[in-house]
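The two complexes that follow have subunit A in common; it is paired with subunit B in the first and with subunit C in the second.
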Partner chain A sequence: MYNRIRMLFMLATSMVMAAAWPALAQDKPRPGGELVFAVPSEPPSYDGHQEETFGLIHPVAPHYNTLLRVDPSDKTGTKPVGDLAESWTVSSDQKTYTFRLRRGVKFHDGADMSSRDVKASYDKILNPPAGVKSLRKAAYQAVEAIETPDAHTIVFRLKWPESSFLLNLSSPWNFIYKADTLAKDPRWYEKNINGTGPFTFVEHVKGSHWVGKKNASYWDKGKPYLDGYRAVFITSSSAQVAAVRGERAHIQFRGFTPADRDSLVKALDSKIAVQESPWDCVLMVAMHHEKKPFNDKRFRRALTLALDRYTASKNLSRIAIVRDVAGIQVPGTPWATPPEDLEKLAGYGKDIKAARAEARQLLKEAGVPEGYAFTFKNRGIPQPYEPLGIWLIDQWKQIGLNVKQEIVEASAYHPMLKRGDFEAAMDFQCGFIVEPDLDIARFLTNSDANYGKHQDKVIDELYVKQARATSPDERRKVLREFEKRLLDEEVHVLYTLQWHRIIPHSAKVKGWTITPSHYLNNQLDTVWLAQ
Partner chain B sequence: MSELVASLDVPSRSSRWIGACRDFIGRRPLGAIGAGVIVLMFVAALAAPLIAPYDPVAVDFAAMLAPPSAEHWLGTDAFGRDVLSRLIYGSQTALVVGFGASLLGATIGALIGVASAYFGGRIDLFLQRIMDVLLSFPLIILALALVAILGNSIPNLIIAIMVPMIPRCALVIRSSALSIREMPYVDAARAAGFGHSRIILRHMLPNVMASYLVMLTAFLGQAILLEASLSFLGLGVQEPLPAWGLMLRGAAVEFAETAPWMAIFPGVAISLAVFAFNLFGDSLRDALDPRLRTQ
Partner chain C sequence: MGAYLVKRFLLMFPTLLGVALVTFLLIRVIPGDVVELRYSGDRGAVSQEVIDQERARIGLDQPVWKQLGTWLIGMAKLDFGTSMWTGAPIWDEIRLRFALSLQVAIMATIVAVLLALPLGVLAALKQDTWIDYAVRIFSIAGLAVPSFWLGIMFILVLLIVFKWLPPMVYTPFWVDPWANMQQLIWPALAVGYRYSAVATRMTRSAMLEVLREDYIRTARAKGLWQSLLLRRHALKNAMLPVMTVVGVEFAFLIGGLVVTEQVFNLNGLGLLFVQAVSHRDYTLIQALVMLVAGIFIVMNFLLDVAFAWLDPRVRYA
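Showing the complex of A and B:
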């Protein structure tokens, strides 16, 4: 009897194993193949330290390593892990970070990588030589000194503790370059590639494609899985969709619209997989604080109270790349606003009738007459600017405002914002890592991106306080105060809806995880192609 | 004598018009169909607030992308806005921009053409070279450049569409006016000591009116098409204002497979309007041209 039960159990186990085998086999990385992906724009130069477009990151990042990186399997994109750093320690006063570097790492030209190269790369970022641009220099103001006690150790000494420091070192832009090359010509990397990354450079044909080949002597043994990759530059979104639909491209890493996703799923069925995530991008309304009636916070508060964000979230997400109702951080990430706190902010409550009644009352108190007209300037880009512009105008109409939309052509849009040539205008924020220091610095009084020209010392102080907070709870508390001040008490800006990233890709693509940033997870070392 | 005059059957002004219309319908039925569509457009534009079933700019998420039904005869767009209502209000935009641009373009072109023909010599040479420069740009390119410089409001849109029409009209009118300039009655007017403006306005312009009307109707269709093209490219009328070209862009393209009504009905409206103006213009030309009248 016992033997029969045992035999039945073994039979059942083997049947389950047999059934699961194809799936298990699928989950084991398969070496080989060329990943083809569409890139909607091209790199202006090859130097990550001075560029800010995903058009550089997508084709160029696979050639490089950074000191730290964001965990490629973490969906929130907020967990730093070592890339060239094997391990690190932080001093008790949180002002000294010591990193142990990996051994046996070589540049593509065969030279050994050492702490000298890491220091030279960070010196270029922090203190670029004359004539060399460094876009993220301001993010490292806390750094007092960088030291290299030995060839495999690098130490960062800070002037003050900084909560975001590890994530700042995980920046996907901070490629580690070769010190000797930088010493000879600090601009060499603008036109050339020589990294330690999983893929070596083959060719870049402008307007056409970029090709990378597997780095056979990559330090992470067994990786990369792919033989190579080909980035195809396709600017038209319909052509990108057609490339994925026609299986001429496996993926496009920036994102597609809900309509594109639906049409691809309909056409390719099981051949397509879809990954979605809240996106670290948001459209805001900048209101010019020096122009009437936008200088009156009652008027600004009325504008945010008019918005029915929850209904919009449900419906606009069907037609535009937006979805979640959020505060100053991406939902689902460590510093995001809990829903119960969010609902307490002006314009985030669930009772829209009461909110609009309050908005009308505030307009009355501010002396703004029924039918008051103003012009809202929007950017001449379809997604998601156009649908959100139409929605905003409709919402403001419902509190008796008559808003005219003026579309500003993309190239004239930023100069318009910088000149302050607007009453209310669409503004945007797109981060490369979800981190408050990076996402909310734009609201500081002296920030170049403070287009509404608000002056608020409290905001400035709260920013510094959260950045230097040494415990997560303390930081969280200050961030909520900052948010309340920004969006509720003063209503310096008006948040619309969080963008929503949708990546429909060939079901063959494995080992790639979506994050809230389209600048992350493009090293491709973990990516492989199923048969 | 006075009895004789009284007994003559002189048709009244209105009955002459009715007769002319009957004659036009009988002889040129296609032109009459075009005229009928144009009249319908006018009625829709003027009576839009009375006949449109919904507010054309009101967002209604509950009715997003709804197919044609008893509630929404032509369906709704991506924001739940009624397509029929937007088409009806869109005819206002089409006619305001179309008429504004073609009337101004044809009139300025006619004045330049007649002045150029009448004065001749250096003035003619100068004006014609300017016209040549303007003509060297394709119509849409010139309109695009102007709207990019001026910005995209409705008055600027009218100017941008009007400017490329001026040289086209000026050339045609000039050729008609050149033959009129040689007529004895123009010489007689000069001999009688009339001023240039009187000769141009009283003796020459009325005689190029047939060409002018034909150009005007031809331009109307073109202007409507150009307005739709510019709006489609995002350089014309701006959301949420209803305009036919605007209704074709954005979500209409993205949802072309799942909600084709969003693109089909505005497309049909544009084609129908342009076709109607072209039919009417052709028939008007045939009716007014003495060489074609006997055919």
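Showing the complex of A and C:
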């Protein structure tokens, strides 16, 4: 009897396992295959320390490791984990960070990686030698010294505690280069590749494609799963969609429009999977604080009160890459504004009639007549600048303003902003990690990106206060004060809608998780291709 | 003949110099700056220090006359310098793209000539018959339909009907002729059709004009065979304007297939041109304009030589 029961149990177990086997097999990473992805732009150079385009990150990141990285399985893209660092400790005053490095890590040329290489890479970022640029030097002003007590330990000493420090060390741009190479020629990495990453460099055919192959001696045993990857440079968005639809490319990591997503899903059905996320990009309206009537905060407040953001969210998200109504941080991430706080800000309430009545009253008080005309400058890029520009003009018309849109060619746009040659203009921000220090530094009085030229010591003080806060609750509180000052009390800028990232990709692509940033999660070590 | 050729050859140099000066000055009038564009990125928050440093490195802080002088001296030595966007030598940027653009131009010309000559001659011979009308409709449709639209139609039909898309990456013909043809035959057909429409209409009208000449009537009266009359007397004389059209179109195709290249994701000179302009990569724009201008000028020179050879009136004029 006992044997019969045991037999039956074994049979049942076997049947359950057999039934579940295809699913289990699908979930288990499968080695092999070449991932093909489309990249809408191309790297000007190969040096991540001095470039600012995702066109570099997408093809080049798989060749490198960074000290820390953002957890590739974390959808919020805000959780730092070790990459070359195996573990770390933070001193009680939060001013000393000690990292233990992995052993047995080799560069693609066979040389061992040590703390000397990490220090040399950070020295290049923090204090670039003459003739070498570093675009993110300003993010490490808190660093006082970098020390290497032994070959596998590196210590960062800070002048003051900095909340964002670990995430700043997870920056996808901060590739670890070889110290000896940098000592010989600090610009060598502009035209050459030699990292410790999961893929080695094969070729870059300018304007065409970039190829990497599996690093057989990668330190993370068993990874990467892919035999290699091929990044195909495709500038036209319709050609990118065609490449995915025609199964010439598995994925494009930046993002597609809602219409592209729908057409791909319709055409490919079960062969396509879609991942979506709020995007760490936002379009704002910069208002020139030295020009009338934009120098009057009642006028600026009226402009934000006119916006029906919630209705726009429903309607525009069908045609443009925008969706959520948000404050100064990406919804769903640790420092995001809770909806109940958001609704208290000017222009974020649900009663649009009351908001617009208040806006009209403010215009009257500011002496702005009915039908007042001004020019709004917008960037000549279809998504999402054009639909958002049209929406803004319509909304302002609802409070009696007559706004003319002037489209400025994309190449001439940034110089126009810097010259201050506008009354109101679309401003833009895309972050590589969702972190307040990185996202809101542009609002400081002396920031190069303070195009509206506001001067606000309170904003400057609140920024420093949140950056140096030692507890998350304290930081959150200060961030809310900062946000209220920026968007409600002074209305230095207007936020439109949060961008929305849509990645339709071949259902064969596994092990890749979307994050709010198109700069993250491009090392490809966790990615594999199903049969 | 020799003096004529030398004169025509020498005229090429002042033309090139004129193109160089106009290009150099005009692109500097357009707002925008390569350094600002490269480092403003998505965040748009690069410091002025970095911008000034980079402008000095690539020589944009120099007075315009000095930049012009340096460039003209370099050009005289056939050294076009390096791309301001990538830092790579200009020739490296152009080489691969030139091969692709040249191949598409040659293939489209073959398609155009193969269609235009028989159709144009046939339409002229059968003037005002249904054949003539059919050829005219075919050629007018070719003029009316932009080649990029036809390209999009090709892509859609291949995708929807055949569930297939041409390769997205260029493979040189000598590496894999089959892969090369799979990618380039479609743009060659799309562009060749429009090109053939122009040439067909030109062939038809030139043939009609020649067929009405006295010497053709005389040849017919003497009982010359139709095929001999066509080949030796009519077609040879009618070819002069057709050659002009084919030559100029060929030169245009080298750098002018901007939208078609985008549709088929071809890594050609047209796309490089657009990227260079949108990046405000002055050195690359200048080199590309000079290359295309050079091709046009050389093509015109070759056409003049061919005219002089075919028509004695030209060389004795």
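The rule we apply is simple: the second predicted complex is superposed on the first by the 514 of 531 C-alpha atoms of A that agree within 3 Å, B and C clash if a C-alpha of one lies under 4 Å from a C-alpha of the other, contacts with A are read in each partner's own complex, and residues count from 1 in each chain.
Note that a residue touches a chain if its C-beta (ideal position, glycine included) is under 8 Å from a C-beta of that chain, and two chains touch if they have at least 3 such contacts.
Here the structure is a predicted model, which means the values were calculated and not measured.
Because the two structures share subunit A, they can be overlaid on it, and in that overlay subunit B and subunit C fit beside each other without clashing.
In the superposed model, A:319 lies in contact with subunit B only, and not with subunit C.
Applying the stated contact rule after C-alpha superposition, one finds that A:393 touches subunit B and leaves subunit C untouched.
In the superposed pair of complexes, A:409 makes contact with subunit B and with subunit C alike. In the superposition on chain A, A:418 makes contact with subunit C only, not with subunit B. In the superposed model, more residues of subunit A are touched by C than by the other of subunit B and subunit C. By the touch criterion defined above, A:380 lies against subunit B but remains apart from subunit C after alignment on the C-alpha atoms of chain A.
Of the two partner chains, neither subunit B nor subunit C is touched by A:157.
When the two structures are aligned on the shared chain, A:364 is found in touch with neither subunit B nor subunit C. In the superposition on chain A, A:259 contacts subunit B only, with no contact to subunit C. Between the C-alpha centres of subunit B and subunit C, as viewed from that of subunit A after superposition on chain A, lies an angle of 40 degrees, to the nearest 10. Taking every C-alpha atom of subunit B against every C-alpha atom of subunit C, the smallest gap after superposition is 7 Å.
Once both structures are placed on chain A, subunit A residues 238, 409 are touched by subunit B and, in the other complex, by subunit C.
Remark: subunit A residues 238, 257, 259-260, 262-263, 311-312, 314-315, 318-319, 380, 382, 386-387, 389-391, 393-394, 397, 404-407, 409 touch subunit B in the complex. Residues 38, 44-45, 51-54, 131, 133-135, 138, 190-191, 205-209, 230, 232-236, 238-239, 242-243, 245-249, 281, 409-412, 414-418, 427-431, 441-442, 447-449 of subunit A touch subunit C in their complex. Across the interface of their complex, subunit A is touched by residues 30-33, 36-48, 50, 53-54, 57, 85-88, 92-93, 96-97, 152, 155, 158-159, 163-165, 167-170, 262-265, 267, 271-272, 275, 277-280 of subunit C.
Within the complex formed with subunit A, the subunit B residues making contact are 57-59, 61, 64-65, 78-79, 148, 151-152, 234, 238-240, 250-251, 253-255, 257-258.
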